[in-house]
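What follows is a single structure, written as structure tokens, with notes after it.
Order of writing sets the chain letters: A, B and C. Residues in each chain are counted from 1.
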Amino acid sequence: MKHLKNTWYVAAWDYEVGRHLMMREILDRPILLYREENGRAVALSDICPHRYAPLHKGRLCGDRVECPYHGLQFDANGQCVHNPHPHGNGPIPRNARVRSYPVIEQYGAIWVWMGEKEPDPNALPDYHFISDTDNYRTIRGVFDIENHYEMVNDNALDLTHVTFTHAGTLGAGLDNVRNERVVRERIGNTLWCKRFNDGIEAGSDFQRFNPALVGIKVDKQQNVRWDPPGYIVIIIRYVQADTEDTHYTSIFAGNLLTPISETRTRMFWSVSRTFGLQIEALDHAMRASAELALMVQDKTMIEDQLRLMGTTDLESMRPVYIADDATPVAARRLLKELIEAEEREEREQRAAGSATRRAEPEATPERVT
Amino acid sequence: MKHLKNTWYVAAWDYEVGRHLMMREILDRPILLYREENGRAVALSDICPHRYAPLHKGRLCGDRVECPYHGLQFDANGQCVHNPHPHGNGPIPRNARVRSYPVIEQYGAIWVWMGEKEPDPNALPDYHFISDTDNYRTIRGVFDIENHYEMVNDNALDLTHVTFTHAGTLGAGLDNVRNERVVRERIGNTLWCKRFNDGIEAGSDFQRFNPALVGIKVDKQQNVRWDPPGYIVIIIRYVQADTEDTHYTSIFAGNLLTPISETRTRMFWSVSRTFGLQIEALDHAMRASAELALMVQDKTMIEDQLRLMGTTDLESMRPVYIADDATPVAARRLLKELIEAEEREEREQRAAGSATRRAEPEATPERVT
Amino acid sequence: MKHLKNTWYVAAWDYEVGRHLMMREILDRPILLYREENGRAVALSDICPHRYAPLHKGRLCGDRVECPYHGLQFDANGQCVHNPHPHGNGPIPRNARVRSYPVIEQYGAIWVWMGEKEPDPNALPDYHFISDTDNYRTIRGVFDIENHYEMVNDNALDLTHVTFTHAGTLGAGLDNVRNERVVRERIGNTLWCKRFNDGIEAGSDFQRFNPALVGIKVDKQQNVRWDPPGYIVIIIRYVQADTEDTHYTSIFAGNLLTPISETRTRMFWSVSRTFGLQIEALDHAMRASAELALMVQDKTMIEDQLRLMGTTDLESMRPVYIADDATPVAARRLLKELIEAEEREEREQRAAGSATRRAEPEATPERVT
């Protein structure tokens, strides 16, 4: 599986990780997650180096993990610090350690750095609205999709699908887009695709969520922001037509994609709103809407694609292109460049014999299925 | 998968196809089926050339298919005739078309031509009894078997299995076959295996279906006809012994095999009878009998064979042969010749650089499982 | 799959085989089992050489097996002795035979010899306690584990896992092992690992099974015996501390492993006790305890290992070793030597052109999944 390695991936939402052991797979590796007694989140390889037992089925003893098979204990750095054999207190075997992954907790998520290079704490994409509870109210969830995450990128980066795949729910009908204006931008490695519709009616879901939009004409923006490798924000913004901010109504929908394997993606999704901040019932209405669109309509479509393409390499299939493919294709090509640059750098470092941050090799077994 | 390509395959029974979109897999390809407003059946590739969405999950708009992902529309020839982007009416992308397959509707079935050569409308095997409602009454069904269709051919072409596999249902016991006479014929590419038993009792199922056969001696014929690649008719015929046509009682059982993949076959089955044409209850009795024999007894046996053989190439296994293997083996060898001839012809045409009927290559993805 | 071939494998417990046809897979081959009228157990290849039907779905006719597809009959030596076609009594096809496997019935089990060399009736590992009903009372069972049998060997040969994997059931806590003494022995190809704990309390399960152990200090032994390729006995023995045999209480737990495939093992397990020989209720209590430990706790752990290792070749993974790995590792290396010796001998015999015991090749199909 070709993936960007020296980058942050979301392993879990903050509320999922606590004083218990849990496992999440990222880039084909099982990652053990828990919190230390001081609350700090920890990410270790889930594979015991003795006999390949799954550590997350063991016990949390203070800040240590005890293997469920023969009881070796590992600290939060992955170092084996206790061997009960023989006589309750044996020697620590040389090399008895599991890989520890750098962790940042920010924007409501536990981010894990999967590469060998020094982690860059400033490299997180901006999802401040998830954790800014003064100005936004956010709902969140997580689910899996059976396809490569680039196919999920494609889905979000080309919103023309909304009219068809989400007809009757999010879709506002073809009339709505007759005079649509599209603006595409690249700022560093960030891509934007912005859609403007002036003087239309708000989508029916939005009229339901915010009654201030009923019966008026609105100017609408749908701005999609993408950061590599799979970080999407869809910003939908309504104001009363021909005003700057009357009845300003906005949501920031996050799609944070973590590659589990070549053909499986975990989507961490969020919907942050700027209105109805005190209305709990809106949480439920918006969750139902998001789950139908993401977990039924989009998921089914993206999984059907895998079955019909038979590969995850779209460009090798020589598909037909239409105008709105511009942003998805730009994202694919940028991502390809970044991965190739990373591979080139790795090769050069190996050639130069230079040391990487971690000396010990990690058990990275092939999968048996 | 080695298959005869320039031939007609049954995609569906006529009653299955209508003013809705459906999909059937033939030779590893997903085929979209529907009827135009004028009733004509259409077969297209089910894969949208834009992003590989399954067209059968879209909408039928008049005689056009609208893709469920971004709304491209294709006519009944497979040509893209509408692109809603941008502004509801964008340019038609060059090469935006899906393969269209020649279709014939005859004998109650929708037949699709899978090869590149000109389709031959006279090449259908004869199943007139299915659609001749004046002289026959027919029941039909469809189900899948997990094995290569040649193993299903074998089953039907060697009726000696009836005594054992269908003991207690269709089987009439060993006594019945003591004086059996077998005649094998080849007429063009059609093979016949005919079995004659004179002066016996009718099988118990037949006595139940047609009480005229109770208590008399009969002369019985069981004639199997095979046309390549997987078209079988089993004609069972009883008359009162030593007469030409007293109490003439006959069924024509069709087994029409469509290869779905190397290890999966779709069987379209029919049972046409010459007696009790007004008796609806007989439909149910005969359906129960056919479904038990085909969908339980034969299916289980043929699927067990795949598990035990571990390949679909029977002859490479060097099996033990008995006398009744003559017809199945003749069918396998004839089929092999036909496929090799087709491959030779393709190679020669490619070498000569000659154009085939369809210029555009088709997306034929490998399967991801 | 690399396996020791010239050895006895358990195909079934004696009570499983009778006057019916059953199938068990050993070393990737389906084996047909039944008893002749005189009670003798028979093991044949389950694959009919005519069309690869599963013989165990046929009928037992006296001591013969009738194929469920076209009715060929085979005797208990695997020779085809009847062909009903044509006319109820056709010629026997040349080479119509299935492989017959040597069988011994001993220690309550049906043992089958899988290799080409002459079977050695003296090569059975000693499980006399299973069939010695004067001195022992035995419960037995059988279940499958999804991993290579060497991983199951590892589990039983390193009892340090009991404290962790069986915490709360068989495990007696770390205190119990503080002063444990371990003795390892090799006698021919038999390995022993013996653990001694003096002056401790009996495990809670044992106090429950034998109330004589309640409230006294005991000297405990846990002796594990291993014979290649996968024959384990765990002997647990308690006597009142500082005596030779007061309240002598002992169980002999057999784990008899039969390789089904590279990643699947059948475990025949037994628990023979020396106490409470008349108490039927103890059978149920001990069965519940054994099934929880073996079929839930150990099975889950061993199957997780396959998923995380991604291979069945542990040593190639370069695992971390601890002191208690000595016996499992010794067993792996001894087994490797035996398999390599067998392969060498085969190569030499082939080079010398010498005849093996069985001249006819056997159908050994690859598996289709």
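Operating definition for what follows: a residue touches a chain if its C-beta (ideal position, glycine included) is under 8 Å from a C-beta of that chain, and two chains touch if they have at least 3 such contacts.
On a predicted model such as this, the values are computed, not experimentally measured, just so you know.
Both copies, chain A and chain C, contribute mostly unmatched positions to the interface they share, with under half of the numbers common to the two.
The best fit of Cα atoms from chain A onto chain B calls for a rotation angle of 120°, in steps of 5.
With centres set at the average Cα position, the gap from chain A to chain C is 47 Å. Across the assembly, chain A contributes no residue that touches 2 or more other chains.
The touching residues of chain B, counted against chain C in their complex, run 154, 158, 160-161, 163-165, 174, 177-180, 182, 263, 301, 304-312, 314, 317, 319-324.
Those residues of chain A that touch chain C in the shared complex are 30, 46-47, 49-54, 57-58, 66-72, 80, 83-88, 90-91, 93-96, 363, 365-368.
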